[in-house]
Amino acid sequence: MVIILKKNAPQKQISTLVRRLEGKNLTVHCSQGVNSTLLGLVGDTSSIDIDLLRADDAVEDVKRISEPYKLANRRFHPRDSIIPIGGHSVGEGFFHVFAGPCSVESAEQLSTIAESVKQSGATFLRGGAFKPRTSPYSFQGLEEDGIALLLEAKRRTGLPIVTEIMSDSQLGAFADVDILQVGARNMQNFRLLKALGQTDKPILLKRGLSNTIEEFLMSAEYIMAGGNEKVILCERGIRTFEPSIRNNLDISAIPLLKRLSHLPVIVDPSHAAGISWMVRPLSKAAIAAGADGLMVEVHNDPKHALCDGAQSLNPEEFDALMQDIRRRIAFEGKQVA
Amino acid sequence: MVIILKKNAPQKQISTLVRRLEGKNLTVHCSQGVNSTLLGLVGDTSSIDIDLLRADDAVEDVKRISEPYKLANRRFHPRDSIIPIGGHSVGEGFFHVFAGPCSVESAEQLSTIAESVKQSGATFLRGGAFKPRTSPYSFQGLEEDGIALLLEAKRRTGLPIVTEIMSDSQLGAFADVDILQVGARNMQNFRLLKALGQTDKPILLKRGLSNTIEEFLMSAEYIMAGGNEKVILCERGIRTFEPSIRNNLDISAIPLLKRLSHLPVIVDPSHAAGISWMVRPLSKAAIAAGADGLMVEVHNDPKHALCDGAQSLNPEEFDALMQDIRRRIAFEGKQVA
Amino acid sequence: MVIILKKNAPQKQISTLVRRLEGKNLTVHCSQGVNSTLLGLVGDTSSIDIDLLRADDAVEDVKRISEPYKLANRRFHPRDSIIPIGGHSVGEGFFHVFAGPCSVESAEQLSTIAESVKQSGATFLRGGAFKPRTSPYSFQGLEEDGIALLLEAKRRTGLPIVTEIMSDSQLGAFADVDILQVGARNMQNFRLLKALGQTDKPILLKRGLSNTIEEFLMSAEYIMAGGNEKVILCERGIRTFEPSIRNNLDISAIPLLKRLSHLPVIVDPSHAAGISWMVRPLSKAAIAAGADGLMVEVHNDPKHALCDGAQSLNPEEFDALMQDIRRRIAFEGKQVA
Amino acid sequence: MVIILKKNAPQKQISTLVRRLEGKNLTVHCSQGVNSTLLGLVGDTSSIDIDLLRADDAVEDVKRISEPYKLANRRFHPRDSIIPIGGHSVGEGFFHVFAGPCSVESAEQLSTIAESVKQSGATFLRGGAFKPRTSPYSFQGLEEDGIALLLEAKRRTGLPIVTEIMSDSQLGAFADVDILQVGARNMQNFRLLKALGQTDKPILLKRGLSNTIEEFLMSAEYIMAGGNEKVILCERGIRTFEPSIRNNLDISAIPLLKRLSHLPVIVDPSHAAGISWMVRPLSKAAIAAGADGLMVEVHNDPKHALCDGAQSLNPEEFDALMQDIRRRIAFEGKQVA
């Protein structure tokens, strides 16, 4: 951390500040210049509150040099994390497709889709039971019944399931779910993140629509700081100025996250664009950029889906996509397992 | 709502679609053109799912014409909502300043600040007990003890209190709080919004950092749809590309929200910039643009504040600001009460 | 400037880098820490290319501490610049309204509007002769004829004129124009900026739709570096995610620009929202935030305007706005002259 | 185009509006509803100014249905455009790498790099002679001398050259250049676009940092409307909130542009991130997403480059990248020619 002092800060103020910092077990290096004086802090600065420092009368600005996340940081954990789930390994070197409907709508719908995506090669079943919808008047999901249907589909197909949790008050209902998903709008729901840190469930954490990579990793850090290190990062599109698509896949997030963190990174091409014809080119790009998996929406009858039909593939389209994906995974030298 | 049909959509598909829409008590007007055919829907389209329509094989695109929110919509409630809280009226024609520390830190700190802001003319006391911090390693607030201290400060000063709730699982702890605040990062925490809709507490709803005006009003709608119409909207800065400030006050949000909705609109100039010297020019602009109040962070010792010190005013600065604010409120012909 | 070195950078590489920097008359202070080593550079770093430094094998990152602009920087020119134009003073302490049609359409249209805005209190006449339109099929302006009409209107009313120049190849046609405007889309048309730096005309420089404050001031610096210091900065709205308005007035830009630079700052509320009813609240906010003037579109018949009719006021609306503006200017203690 | 009328618009105003529209050879379909009345316009609406319509007293809003670009529109030109340049074919089915230094610095530098990139498989030589730099104090390029060096390198290697033009006043100096590049900051320099439309040179048009796909295609339309249809589109990264990279490759732009337009689409991974290690993953993603080529910065000595060294590859890194690219091009079934 580097502190830039104000040009005319009185020596007394500077001394007070330096003593305060040294009191936190930091070594302070001072570079006195013509236009500005710098203090370089050496030691563990993770507990230093930058805002507090900026409020000091002697301080012009503060620049952070090392990342504020530790457990999620590749610097301190150089090896890729591989998370074992339901007999599968999720992380670098492997590739998984999480497929299923946006919302669980009925036993029949779900079992049709589950069997179909399994046959096409998906290794996890996704499906929404509690749905975060922008409008209170839209379909909100089958809730607890939806989870029951997912568990039933899991029993039939053997596919481990992933479904979204929206509040720490819901944890009880998710006891048998394999992977708990945190949605983009809850990426900074810190009560939920803390509660998930107390569980031993794998967490699929989606990036918020306008959040930076650092904020995303800090949310992973929240979960990990509680003791649960099984976090899968999911890039699902950011908000940009382009009006013709709902969100915009941030392809750079994949290499950036892989470089800064050791956690698995998957991509949701269905939400990333919001249009079914774009799922394929975005899936191809995500694989080439190094993603460890894809989360794809599949619906047996997209035009009668109760939500997000426009971005869902039907089973035939998904099967064709999976054939292409398999060729590409082989090309990249990754393993499906 | 207008549906634009695909150029070569077969007549049979169109007929099926039209029958489906008429089955929802909508009247469908068709304009057949050279390049495209339009269906204009007349009736209550609030339950129509646009995504579902877009997935129809015959449909090229769908454009919404009326707003998807009803209870928050000025079109259906032309008169301004005035919310009575603790003997005060909040809404158009009145002006209130909500002041206090970012975080409640101690009994002494809070009572000093509370008495000071009251004397300067603030009508509500704000203070954080549960703090949503980006880092799990930052100070997270005094939690339940913080609420107890706020209630004590209220008893002493008579100022009604506003403090942030982060999850539906916390409602019990907020039973005696006057106004429950929903933070920017929780603007689309729909479980929380639904739970707040079941209470009869006034809710101060902060806009998310990258949310549109429509999404903001849809979140207000979530609370109102549950039966609680006492919602105060708070603009607190959006994310832009400017790196020299933390957020960026969206001044246009004030006239837009006032035109589209009947709800009170206040502004938080402290978070909107994140730097104390900008609180004053932003406060002046907010008053001139028509805000119904301001929420200002005040700390007795900003440089030792446990959070957000850089954006807090000290009591003397706040007092000077209040003198300027009073002149401006009088100039605008508004009332403090 | 602070250079953060890579953790394991070999001492030899570091020495080479330090010698290279010292060769540029910089003093280099080194802070060796546990996790990272910092080099603090003291001296004139304006000629240092940050990108070049970042490419050095030993360098992890580089942080700039002082602003890269000099002539536009208040640090080196603490007093406000007041620019004399046609008998008026533009800058801090004064307030001017630049009014007129988006496009010059005919002699009659322009003289009607010019006389009307003069009577209402505008001190400068604006009008587009060369129009930068997104579509090649839209009206592109009367070009040279438009300038002739502006000059005629100036002769009649005495109002100095401001009109937009789009390329360095057009300079000849603007010889008699009082203020040359650079449009938002040309803010980084560096050939144009350089050419304008060679003239002695006042330049009204509009901020680009997604440019930072630093980039904006660097474009002013381009003009000033050529010898022309008469630059008026104009905030005209930035691009945000809000779809209901065309652009979004960045109110924070006013206090930021006033603090960082000594140049006059005006606001264009007409383009900032793109809707006529928002011109008034945005004008009020801009005055309160400290703007030195406003640029307002006025058209005698907005619904038949050849461009931007939706954001133009008619003469009666403008007259009413001017009455309000005058009250507010007096309240702020500013002078119209 | 659909016009939504105001709820209580008087019938007389509506009739006047309808007559005005019919006077432009449009057929007007009216759907009268309970809450709103719609007018659907059938015919050629490209000359209709939406802003003008919005200013009409009877009009609430206007929604465009078809794209405002024609010559660049795939709807009217279903077959991919293949542009022949210097014996090569640029467009769908082919793949080209444009490589070379950010800036031309000397005869020796350029010839070294040119020969090296040719040997590695690049088919076009890029290099900046006139450089658009944010700071007036940064290196501005060798200007005319730079073009002379590029032409010399072309004679030696046979590689056709592409270099950036910054103003319509410079056209003379570019007479022998094979492809004229328009930089991101000049994407809406309409005088330049018009002038380029009068030439018969292939134009490489870079997308602006915050421009939409429609604005990008409208800029291509400007060139094409002048008679020059040889436009190559180049995605080079957009501005997002991520501070750790300079720009952010918009991967969705590739499938979107290919669907909406028939023009070739290439990607500049060097500028898209601004860091050399990201060139490779972004190149891989761009190929998988369907790009027709890449533009890559190569410098013999990146850390002494006069600009953008941080994002340049050295010749060995470029050679390794080209080997990977060739495998991928073959995998996608494309041809280098």
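Residue numbering begins at 1 within each chain, and the chains themselves are lettered A, B, C and D in the order written.
Here is the rule we use: contacts are C-beta pairs under 8 Å (C-beta built on N, C-alpha and C of every residue); 3 or more make two chains touch, one makes a residue touch a chain.
A quick note: this is a predicted structure, and the numbers were derived from the prediction, not measured.
Student: Tell me, please, which of A-C, C-D or A-D gives a repeat of the A-B interface, judged by over half of the contact pairs matching in residue number.
Tutor: More than half of the contact pairs of A-B reappear in C-D.
Student: Counting C-beta pairs in contact, which comes out ahead: B-C or C-D?
Tutor: C-D
Student: If I average the CA coordinates per chain, which chain comes out farthest from chain C?
Tutor: Taking each chain's C-alpha mean as its centre, the farthest from chain C is A.
Student: Find the geometric centre of each of chain B and chain D from their Cα atoms only, then give the gap between the two centres in Å, rounded to an integer.
Tutor: The separation of the two C-alpha centroids amounts to 39 Å.
Student: Could you grab the centroid distance between chain C and chain D? Build each centroid from C-alpha atoms only and quote it in angstrom.
Tutor: That gives a centre separation of 26 Å.
Student: Give, as an integer number of Å, the spacing between the C-alpha centres of chain C and chain B.
Tutor: Spacing between the chain centres: roughly 32 Å.
Student: Counting only residues that touch at least 2 other chains, which ones in chain C make the list?
Tutor: Each of 210, 239, 241, 243 in chain C touches at least two other chains.
Student: Show which residues of chain A lie in contact with chain B when the two form their complex.
Tutor: 46-47, 49, 51-52, 54-57, 68, 132-139, 166-170, 185-186, 188-192, 194, 209-210, 215, 218, 221-222, 225-226, 239, 276, 302-312
Student: In their complex, what parts of chain A are in touch with chain D?
Tutor: Per the touch definition, chain A meets chain D at residues 210-214, 238, 240-245, 248-256, 259, 272-273, 277-278, 281-282, 284-290, 328, 331.
Student: Can you list the residues on chain A that touch chain C in the complex?
Tutor: For chain A paired with chain C, touching residues are 2, 4, 27, 29, 31-36, 38, 40-43, 61, 63, 65-66, 239, 241, 243.
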